[in-house]
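Same chain, two partners: subunit A is paired with subunit B first, then with subunit C.
Our next item is the complex of A and B:
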């Protein structure tokens, strides 16, 4: 396989893996703290992307402002879906399948509202416009300012989130909720408030991930939905509880989708059409053979243990 | 305004009702009765459709005494023409082909369902099965689409005509096809009613409520789960065959998670654990399907700027959320099972 392709695919792995990490951490966080495998997470990403797109179409070129808008809208949508849908259900002690189904329903509603918006304003396959510059060029490898935004921003956010979880009172309270919600309530942690903050954080970061995603490829109402199972694969590799495991999982998924897929394509003639199946195989294999994922690789004292 | 042909609409809705009923009864047996969270219903439905795609392109010409033309690429049009000609002129070949389609679909789907049930034994948490099934359906879809020559990946197979296509009167053939769908749905319904009211059905409900207790009573739960998955998958695949015949083509794009969710909406709306509920859910969704379609066309023609086609999905999502929150037992709740022994006990106690 040519070196140039290899290098490009590794760059893609870093870029996409960082985005996956940002999204997958949200899924791990919701699953640990809220006890919900949230399939609507995909749509928080898409909503963020559309918010960013609309702001950028209004003439804004500063990526920080664009991402801030995506954060606010993503957080708002996540919080509303919690307050309107998930919180009332949690109160009634329903089965996990009810929660999964309602997360699917929330996703479905958001997705098709976005379809309506995209259709009415002709926003299909538009890219968030920031002036494109080439910042690095070496042979076939071209790095643009999009790469300079996407990868460092998502890595920085992932680090910030880890710091928040490990070093702040809110993070401690979240971990307490993840560990034992009744105990957390007994010792006086404001459970509902912590849950609200969790949703704001999760939705906001998903929104930013959407904005970054929209910088590198076109925005479409399906973009989050298409990525959600890859993201779930990353979270499952992290055992749905370990932060470090999830981040590693995200890069593993991105690596197998990009570099490994190209390798298989070049050396064994595997059609690129099979690429979307890779994260699915990862999910099935991990769930069947190693449901704890990477969790045992890391010191778990600071993780979201259950 | 658009003219609506009431008769044709009713036939279309009832055909869809028959097809949806098969899918809903299948999911109701699996999830409603036995508690297996089948989030891969699209997989089992798609097996029926893919098998139809294969038999219509490979078996049908042989049955009609013609040579098989490769259905994809350069000879695509030729193969389609041959297929349509056979379906229009040789009804016997069409019927035999359909019989084999049902047979093969049942065998493949049954095997897959049986195999899937053993996956559960190896899973750490119960809800992982939902994820495995969801993802399994997508894998099969991607692999079938990726294998170019199987059912022509992106193009799909068109001309998968229903067996009464040979009749000159399109209305008569539509009515006959509707009857076929309704008869199959009725068979599935009566069969599943018998099953639910049998000792086996009571054991499945026990399995749903508490696995350990059921096991402690000496019931083999993994075999029971395998059996109900097999039965459910066969019914879903039959629905898939009819679904493909009804639209007239087989394309992997139709068998996505959204289809699975549609079936879940039917079961949750009608009543989880109640076969009558599954029928009611299927009927309501078939009607709503048609109404949203007609409304979308009417609105588009009236020059509304908003595309109404998407409203269907939003509507189904809202229905699902409202049902789960306010009436989780469904419109027709499951009634307690009674046996002869219950009846005697009731009489002895005098109430």
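Our next item is the complex of A and C:
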């Protein structure tokens, strides 16, 4: 494998892995605190991307403003979906399967609303108006402004989230919910309020991830859905309860899809069209061999153990 | 007494009048035109615009039928293919079984058309495909008619000729992993090598992929491996083209070779990004696109469409309009019967002049008039200028 190809693939791994991490953390958080494998998460990502696109089309080119808009809209949509669908269903003590199905339904409804918006305002396959610029070039190593936004923003948000969970009262309350929701209720933790904040956080992070994903590619109503399998693979690899494991899982998935795939293509002629099979492969292998994922590799006391 | 008689008379008149109306209604025959297109999925934007093209054609034909006092009206029955072969089969089946439609405009892509083919052939349903061009769809005797867009055997030859004319010794192809992309890749490779070209390295990508950085890295490495005089050929849909351009525009190898690409890369969305437009201009990007020659109907169609939907028609939407007209004219001549429509459609199509070019079908039921334009990015990066033409029937390229 030529050095240039290796370097490019590693840069891609970092960039895409950071985005997967940002998206997968929301899934881990929802699964741990809300106890829902939320498939509508894909659409929160897409909603964020569309919010970013619309703001950028209005003439705004400051990525911070664009990402802030994506956070707000993503958070709002996630909170509304909780209040309108998931909370009433939880109140009726429905099974987990019903909740999973309802998350699919919420995702589908959001997706088709986005299709209607995209059609009405001619937003199909439109790009966020931030031009790509090279900020560093040394041999085969090329870094762009998108990389400079994607990687540090994702890492910073991941660190902030970790700090929030481990160093704030809200974080402690979230962890209490993740450990034992009944006990949390008994000791006076405002469960519904904590859940609301969790949804806001989950939707906001997904929204920012969507904005950054939109910088990487074009915005379309299906973009979140297309990425969600890789994101779930990352979350499952992380054991669905460990932030550190989820982040590591995200980079492993991105590494497999980029560097490993290119290695296999270059050396053994494996078709790149098999790339979408990698997340499936990872999910099946992890579930069969190591269902706990990377959880046990990290300090359990600070994770969202249940 | 008089009042009673008057009342009775009125009742009788009303009854007769209602009866006459009912009889008139009974005489009115409704033909259902299936519209099986991708309303969702990656090509949802095309599908929705194509459906509008069909809607316009149906409204115009119905207005003409009404004006002529003919007791036939067309109705549309739509279903979403979701841009997948299985979805196309399901959608066609739904339309046929719920409405009795015998003719369908669409599906859109070759993979969708091939997905719906078995059901159409087995049930005598005629598919009039407005934009499918993949070589795999060129099958004699089946129920699929690709009446507007010629099959890709011509375009793949044109691209091979251009690559050879440009002096490319080897080529790298990135293509969709579907019947359209695979067919174009195979046709191009065969023609390029038959014309004296060297090696062709092909990379397939999954339809619907939104992120193509690995593919760009692989294409770049292959081009670097070929050294000088290598060229690049991209066969993709709009979303794939955008994803590829986003990463390719900073690649030192990809930005130093000449590019060719299919006409989906000439969509307005591509030039809306100045970086993408500049990349294509620097790469001497050229595309071979089915002739955009205007007919007297072209502007009328654009005006009517804009008036009806308050927006201009999208790229290729006129193909759906033409396909719907051919389908309806055939149904008016043959009746609402799949077998009769299949029998008459080539005759009607061959006597139809549409918004782009006259239809003339070959033995596979595909458009045989292969007249293409060659397009490159204009100097101000705002449009694609026609720089030449390719006549597929004589296999000749001419430049302006």
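Methods note: the second predicted complex is superposed on the first by the 302 of 306 C-alpha atoms of A that agree within 3 Å, B and C clash if a C-alpha of one lies under 4 Å from a C-alpha of the other, contacts with A are read in each partner's own complex, and residues count from 1 in each chain.
The rule is simple: a residue touches a chain if its C-beta (ideal position, glycine included) is under 8 Å from a C-beta of that chain, and two chains touch if they have at least 3 such contacts.
Keep in mind that this is a model prediction, so the values were computed, not measured.
Three-chain overlay on subunit A, with subunit B and subunit C in a clash.
With both structures placed on the common chain, the touch criterion links A:112 to subunit B and to subunit C. When both complexes are overlaid on chain A, the residue A:125 reaches subunit C alone and has no touch with subunit B. Applying the stated contact rule after C-alpha superposition, one finds that A:257 touches subunit C and leaves subunit B untouched. Contacts of A:104 after superposition: subunit B is touched, whereas subunit C is not reached. When both complexes are overlaid on chain A, the residue A:160 reaches neither subunit B nor subunit C.
Once the two complexes are overlaid on the shared chain, A:273 sits against subunit B and subunit C alike. Of the two partner chains, subunit B is the only one touched by A:287; subunit C is not. Applying the stated contact rule after C-alpha superposition, one finds that A:220 touches subunit C and leaves subunit B untouched.
By the touch criterion defined above, A:83 lies against neither subunit B nor subunit C after alignment on the C-alpha atoms of chain A. Here subunit C runs into subunit B after the superposition, and of 95-103, 221-229 or 311-319 the stretch doing so is 95-103.
Taken together, the two structures place residues 111-112, 115, 119, 271, 273, 276 of subunit A in contact with subunit B in one case and with subunit C in the other. Touching subunit A in their complex are the following residues of subunit C: 40-42, 44-45, 48, 177, 203-206, 208-211, 213-215, 217-218, 220-221, 224-225, 238-239, 242-243, 246, 249-252, 267, 269, 272-275, 311. Subunit A makes touch with subunit B in their complex at residues 37, 85, 88-89, 94, 96-98, 100-102, 104-106, 108-109, 111-113, 115-116, 119-120, 229, 232, 236, 271, 273-274, 276-277, 280-281, 283-284, 287-288, 291.
Listed in rising order, the residues of subunit B touching subunit A in the complex are 31, 37, 39, 119, 122-128, 130-132, 134-136, 138-139, 142-143, 145-146, 153, 257-258, 261, 264, 268, 305-307, 310-311, 313-314, 316-318, 320-321, 324-325, 328.
Per the touch definition, subunit A reaches subunit C in the complex via residues 2, 4-5, 8-9, 12, 15-16, 111-112, 115, 118-119, 122, 124-127, 131-132, 134, 142, 144, 216-218, 220-223, 226-227, 257-258, 261-262, 265-266, 271-273, 275-276.
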